[in-house]
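For reference, the structure is listed below as structure tokens.
Should a chain be cited, it is by its letter among A, B, C, D, E and F, assigned in written order, with residues numbered from 1 in that chain.
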């Protein structure tokens, strides 16, 4: 009965990639802990880059610096 | 001082239904644990069906199969 | 497929009370949104009173003041 | 390696205010617990006022009453 | 900069299994979304079986029935 | 009505430090967004070092390497 919450920045994650994350996380729990996929929840939260900070910077700023 | 977080798929939950969830969760905490409604928070997260997986499938796919 | 997370202070919640919270939250989601109990998760987190603050005070201090 | 999740209602928080929250929370963890800013995450969730309840009322209703 | 939160019941997960979950979730995010492992957080929450409900039952009861 | 959740590793955080985090986070929300302290919740989760991973390593291992 695991619950997996994956939070990533909202930067163009496709439906196919989300499906890969769901399958991968479910399989991981089954492989390591023998958890039943039928009751494994995976929820993906996409967070705006203005709303995510690391090292005192929001990711919008981080991405701008990376493009320079 | 309870905090209740209800996560459901984003499939047309109305404002009236959200209000019912808020009242119902607050009343539940008051009835069972005698918690004060004035400091009971209820937060509802609506998650896109592409972003929620169960049994290795996203809910978008599950809904398509149910409609067949 | 709802996920309900109830966070309360760790102040002697009994197993019977936890079971009432689980049933009450599951029934609420079924009544309001017609959600299937078989895939409704309810998770209760019990948080130490030192670790929960409201109005700039931890709940350990709040409880001491209430007892005066 | 702290993770800080700030949830507020979605009522016009500006990018500059979000940046202030990110800096303030990161500095707080560094000052109190000597945590490294480079591995401090701050994530801000903006929640619709219909989806946040306190004292059995959603915040949309609370705001209407305040304006009266 | 992903954040992955894995919640499972507290039923004897070993340190080696936790390490496998950490590696597996980090590798999944790198493979699917090209996320940097250096800023990928994985946090595992172990929840008491009395505190986790599915299908209106706590997992303590579910386990008792399974053993019959 | 903000909700702030601070997750740190369980490595000897004192009650006084927790109180500082509660005050600091509450004041931050008041200063930046004019939020009322009376309805600001701060919850601190202390996570075992085996249960927190960054860069594919759990923090128990990271700490051992740092001591070398």
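The rule is short, and it goes like this: a residue touches a chain if its C-beta (ideal position, glycine included) is under 8 Å from a C-beta of that chain, and two chains touch if they have at least 3 such contacts.
These are the chains along with the protein names UniProt gives them: A, B, C, D, E, F = Tautomerase.
Owing to the predicted nature of the structure, the values given are computational and were not obtained by experimental measurement.
Chemist: Farthest chain from chain B (Tautomerase), going by mean C-alpha coordinates, please.
Modeler: The chain lying farthest from chain B (Tautomerase) is F.
Chemist: Which chain's mean C-alpha position is the greatest distance from chain D (Tautomerase)'s?
Modeler: E
Chemist: Copies chain D (Tautomerase) and chain F (Tautomerase) touch; is their interface built from the same residue numbers (over half shared) or different ones?
Modeler: Answer same: the two copies use largely identical residue numbers here.
Chemist: Distance-wise, how many Å sit between the C-alpha centres of chain A (Tautomerase) and chain D (Tautomerase), to the nearest whole number?
Modeler: 20
Chemist: For chain A (Tautomerase), jot down the residues that touch at least 2 other chains.
Modeler: In chain A (Tautomerase), 1, 3, 7, 21, 25, 39, 41, 43, 52, 54 touch at least two other chains.
Chemist: Line, ring, star, complete or other: which describes how these chains touch one another?
Modeler: Topology of the interface graph: other, matching no listed pattern.
Chemist: Would you mind giving me the full set of chain pairs in touch?
Modeler: A-B, A-C, A-D, A-E, B-C, B-D, B-F, C-E, C-F, D-E, D-F, E-F
Chemist: Once bound in the complex, which stretches of chain A (Tautomerase) touch chain C (Tautomerase)?
Modeler: 1, 3, 39, 41, 43
Chemist: Flag every residue of chain E (Tautomerase) that touches chain C (Tautomerase) in the complex, lowest number first.
Modeler: Its residues touching chain C (Tautomerase) are 7, 47, 50-58, 60.
Chemist: With touch defined as at the start, can you tell me which chain A (Tautomerase) residues reach chain E (Tautomerase) in the complex?
Modeler: 1-9, 13, 17, 20-21, 24-25, 28-29, 31-33, 35, 39, 52, 54, 59
Chemist: In the complex formed with chain E (Tautomerase), which residues of chain C (Tautomerase) make contact?
Modeler: It comes out as residues 15, 18-19, 21-23, 25-27, 37-46.
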